[in-house]
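Both complexes below contain subunit A, partnered by subunit B and then by subunit C.
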Partner chain A sequence: MSGLRTVSASAGSGKSYDSIMKILLIGDSGVGKSCLLVRFVDDKFNPSFITTIGIDFKIKTVDINGKKIKLQLWDTAGQERFRTITTAYYRGAMGIILVYDVTDERTFANIRQWFKTVNEHANDDAQLLLVGNKSDMETRTVTLEQGETLAKELGIPFVESSAKNDDNVNEIFFTLAKLIQEKIDNDKLAGGTSGKDSSININSGGSGSKSGCC
Partner chain B sequence: MDLRQVAVDQYESRESLIRRGVWKGDLYKTVDVNKGSRGWLWKTLVLDDDQEVKELMPVPILTEGSEDPTSAIVQSANRPRDNLIRRLTPVATKAHPLSQKQIGDMRDKGELEGQKVVEGDEDDEDGMSVSEKLEIIDLDLSRLMLDKIFQEPLVHARMKQIMYNFLMRKGASSPSSYKQGYHEILGIIFLQLDEARRNNEGGNNDNSNNNNDDDDGDAVMMNQVLCIFEKIMKQMVGVFYNETRLIKWDSDVFQPILNNSCPELYKLIYSNQHHHTNIIWLIRWTRLLFIRELPRDYTLIIWDHILTFTYPLDTLIACIIVTLLVNNYQNLMEKIEDHNDIVEFMLHYSLNSSSMIDCVELCKMSGNLCELWYLQDFTAMKLVADSFLKIRFNVENKTTPKAVKIDPNRKRLEDRLRKRVKQTLLTKETK
Partner chain C sequence: MDTLVGAESPSLSSSEESLSLHCDILADSLFDEKSLLNFFNEQEQRDFKTSVIRNILHDRNYKTLCTLGMSNFGFVSTPLRKECWFELLSRQLRVSQGSGYTTNKGCTREHRDENQVSLDVQRSFTSVTDEGRKEKLRKLLERIIVKILRRYPKLSYYQGYHDVVSVFVIVFIEGHDYDDECNFLSLSGMTSKSDDNHSNGAAEDKSNGVSSSTTDLYENETTSKIGFDEDKLLRCVEAFTLLYLRDFMMDSLDFPIDQLRLIPEFIKKNSKAFYKKLNLDKIEPFFAISSILTVFSHELKPSENEPDSLIFQIFDFVISSQSMVVPLAMYATLIMEKKDTIIEAYNANIDNFENSVDLVHGVIQQVLVPTRCAEKIWKQILEEVRSNPSREHISKYRGLVNRYSTLLTTASGQLHTSYEVEDVIKLLEKEIALNSKRKTSKAHAKLHKTNTMRTFARLFSSRSFPLICKVSIFVGMLAIFMKLYRDGSIKAMLPTLRIYLKKYQCSSFAGLYRGLNYVWLDPLHELLKNPSLPRWASKVSRSISSSKDSDF
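Let's turn to the complex of A and B:
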């Protein structure tokens, strides 16, 4: 099964979307994965967000070029390193966001571990994005340059964000959606996968800005 | 009415309190258990009369390079917590990622594909040091939102000390593995006993200024919290907090109970499922015992039943989940189209559930299913679910087998069960 696909709603099913993108957030406990999700989906922020137990997810449907794309955003407990369940969790993931905390070097160091997990379990087609969260904090220990360097080495895009100040949060998700859509389009051109609803206009619904993204 | 007084007046023994008060639901008709008296109820249900009060070990403050908790500096429960926390993935990368060989080069050489990722623990060893465990406990406790008291430094320190003692006792010489979720279970227990203690203090003004009595009371309460926590976790950790065993519980207990009770729902939820899809939602349902899925007061009544330890926890939890699913039969049948829908529905159950069965009735029906499961009376299990569906939703189950010659004893039992389900549901509806 391809990890990159759009799932069209069956005609007359009453579903309020045209296609789905499954996106995962991974990273150490306390880096702010749930806060990023809550900021993106509900536009709220709480500095002490409740611990994620096991797996949770949120849905955000974005209107893109007249089509509704349902972003299915999966969030994991940072402590969990699933064995068997990993296959279920990573299955069908079209985009994966690796999150670290810029105020905690250990979470940055562990990105490499998470990257290995992704390489082992996720589909080859899955699009990745590295995110350094909590960029508003003055107690930063990981520089922007370090984040950029690691992203370059991993061969994935990078963005720093602040769920607290709502900096670059939309960009994270829209950048990834764009990457996913580009992949779908390229595959279609190459006669590859069966992606149907292309043409995601990522400027719609977000700021369209790519500030902080390399 | 005061719960203690009612209990003393109406129930001659703990067994009677459990049977009539909790499982039959009499207690909830006469007393508002939520008003600070649940702590007393739980102590009565769980603790032995001659419960020994042991002094809790203080939490060590570990300096770098010192991981032996017995030789470390200790931190008393009254000392405010540090705010220096974070990280917390069981097995950390040893070196800085930027100092390593270029990942790109490794990928080009195909080295990444061959590397095995070190996974987390399955048993008691998680590869985390004591200080790392204490760090993650600190982090989780700082994010415990069950009540505002958990933001108080003293409460935080007490919770940490209880958790540390739990892990130490469980792990013999060194703390055993800590899993996220333990803290919420502990939090719920602490909250009930703390509320009961505060209420007790409020009505006991003579002693309220006596610091020694307060300290003794705190020590006793922390001991009691630990004891209740240990008893419940004894049944939970080995099943729900271990991924392999959770999967086994799903296939050996939960699925058969669901399949025998309501084959239509089983088919909907498990047919063509991808590998372990349902474990994704079952993790939280089982590990937190419904704290996140159901309203607090409702959940606490379920916990009252759980803490009677009338049925093994793994079976009772399976039966409660099955009953909740049957209670949402129509909703599930109408809304679910694929497995993503199921996961979405179950992870956001509180938003999606359109009908709530009375909590005591939920527990009664779950208890019935437990008993029938142990008797391996699958026909009666189906009958219980079918009767419920017929009465509640007027769903006529077409797959009910045609009448065959049934053993008269079995028929009597089935009739009795049918009658009991009908009576309880009708009683509820006429309220």
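Let's turn to the complex of A and C:
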């Protein structure tokens, strides 16, 4: 049996999307996780958007290679003490975005800790992405190269963004969704032998095994 | 006495008139609380309650004040609320002069969480549109939080504490310096002064002995000039923090998570099927964390423009009933209230979520978020909680929380209790010790568990471990079990087990509101007994007592 949960019964029964992806945003408090999310979902920037307490989630449907993909975006609280709670939501995440603040070295240093937490709690095949946010600020203390080096070391893709100026925000989510989609398609081509119950894929009938995006 | 049924405002006297106009009908037919309430329009009720509260405040009748805070409209308006909160909280937490907690001496050392405080303060008061005003409110908020943390360095700050404190700030700043530029300036003068204190902590330390008295003088002078009493605000936040929020301020969230687990118990008591449907027997109720940590102030943000916002009445209720079980019960009530919608959403979304943790969280958030703005549902919940004086007591759930928990001690719903700050500090220290013990034992258990499990698994799965051995272990265990069963030891254990099960099952809906059914009548009664009242009132008074007699 394929590890992908295929809901054939609901095929064409008014579902407005082809598949769902669970994506998680993690990183220290104040790095801009919520701002990135609000920018992506509502295309707004509120410099004093409220603190996240515990977990919040939002949904946005995007179009990737002709497929309607519902992104289920889970925003987490950054303060260390909330980790007991937030890690309960790591399970089954197909994509995890690790965010730091390019103007705050501590948040950059803590990425390693976040990476460890991911390894402990998330599915092995979750697709990760490193994001250095607030690239619009003059007061940066973490260089682009430092970000790239860390990403290479951890073996994950990297991008710098600004929720304020809307730089690279859509790219974060689209890149991640495409990478996840590629993974799913590859698994399918390989005969669905992954055996991991990590992904939900709701196909509306068609074979949908388009491969190779970008 | 003479300030009774306040003659100071014309609106009050007019309502008094209408009261006396209808008093014959009142005396004849309206005997129970409900109809008595419904008889007057809302404004009349408010005015009347206002004058009652004024009077009670004047007499410093603490018990009646509690009763009033738990009934309709709570403390009615911000100016009154301020006084009542101070009256109640300063009574509940006694800080004797010279106890070391009254002055800010030695409080200049920076608290480890101040960075997080400033991150959160920058994201507070988002609904305030006037930038200058917002800045001022934020400075005040930060100053209060930092003062508390420095005064009690053992407390840890959590994201959400700032939401709770901002409720107090909004209430206490009311009526001050919005349109009065002069007041604004003096407040800001105070602000910058205090900010200097923060940044020059070290310098301040050295000259502490000399300068503190002058600082106090300066502050008193300033506050009396603008009429805003920061000390009162600080006292209230201090008492609320130590008595009500203590569990949340350990260096982990284990205790608040314990508290959350009462919510499913309440739901189970109400509807076992619904409890099962939401998988509450299998998942943690983390979806409620922000509501409980902030006493709903994260959801229902307080605003100066909405003095009647229900968040204030929720706080009135919590403070008057001295109970932190109230928010938990309210949350459960809210879920029960929305039961049908939740079930509907649950069924519709089963395929949309990866696991039941996500599903339940997603569904509840989806259903409750529109509720954030809907005052109606909150009103309903509050009414339900007010009019539902349950007989059961929190002691049923004793096992769910630590023994020094606010739920069992300082905010247990035990009315009219009062604590010395030193005793609360002792409780705090015990809780902190317990929390760290639990943390280490948890880490141990995790290690231990994985180790034993691993050894066991390895033993059984490894090929080097012959099948015959596996079989013999199995047979041995079976034999022991059989023997126990034959002896009757297992049978003998059954009744005890059943008792435990039963104990676990008869959870009830927050047994804390031993409030009177006649929440309104009691203070009314007291007021009406007063001989200085006009004749119509004593008539009402008599009829009320007779109604009471016949009803009980």
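We adopt the following convention: the second predicted complex is superposed on the first by the 165 of 214 C-alpha atoms of A that agree within 3 Å, B and C clash if a C-alpha of one lies under 4 Å from a C-alpha of the other, contacts with A are read in each partner's own complex, and residues count from 1 in each chain.
Criterion: contacts are C-beta pairs under 8 Å (C-beta built on N, C-alpha and C of every residue); 3 or more make two chains touch, one makes a residue touch a chain.
Because the structure is predicted, anything quoted here is derived from the model rather than measured.
Asks: If we overlay the two complexes on their shared chain A, which of subunit B and subunit C does A:85 touch? Say first, second, both or neither.
Replies: Both partners, subunit B and subunit C.
Asks: More residues of subunit A in touch with subunit C or with subunit B?
Replies: Greater contact footprint in residues on subunit A: B.
Asks: Touch test for A:53: subunit B only (first), subunit C only (second), both, or neither?
Replies: A:53 sits against subunit B and subunit C alike.
Asks: Would you sort A:29 into first (subunit B), second (subunit C), both or neither based on which partner it touches?
Replies: Once the two structures are laid over each other on A, A:29 reaches both partners.
Asks: Of the partners subunit B and subunit C, which touch A:77 in the superposed model: first, second, both, neither?
Replies: Once the two structures are laid over each other on A, A:77 reaches both partners.
Asks: Taking the stated contact definition, name every residue in subunit A that is touched by subunit B in one complex and by subunit C in the other, in rising order.
Replies: 10, 20, 29-30, 48-57, 72, 77-79, 81-82, 84-85, 88-89, 91
Asks: Give the list of subunit C residues in touch with subunit A in this complex.
Replies: For subunit C paired with subunit A, touching residues are 116, 119-120, 122-124, 126, 156, 158-160, 162-163, 251-254, 257, 284, 286-287, 289-290, 293-294, 298, 351-355, 357-358, 361-362, 365.
Asks: Given the complex with subunit C, which residues does subunit A contribute to the contact?
Replies: So the residues of subunit A touching subunit C come out as 7, 10, 20, 22, 29-30, 46, 48-57, 70, 72, 74, 77-79, 81-82, 84-85, 88-89, 91-92, 200, 202.
Asks: Quick one: in the complex, what on subunit A touches subunit B?
Replies: 10, 13, 15, 20, 28-30, 48-57, 59, 72, 77-85, 87-89, 91, 101, 103-117, 119-120, 146, 149-150, 153-155
Asks: Quick one: which bits of subunit B touch subunit A in the complex? Just the residue numbers, please.
Replies: 85-93, 95-98, 100, 102-104, 107, 112-113, 115-120, 122, 136, 139-140, 142-145, 151, 179-181, 183-184, 243-244, 247, 274-277, 279-281, 283-284, 287-288, 292, 337, 340, 343-344, 347
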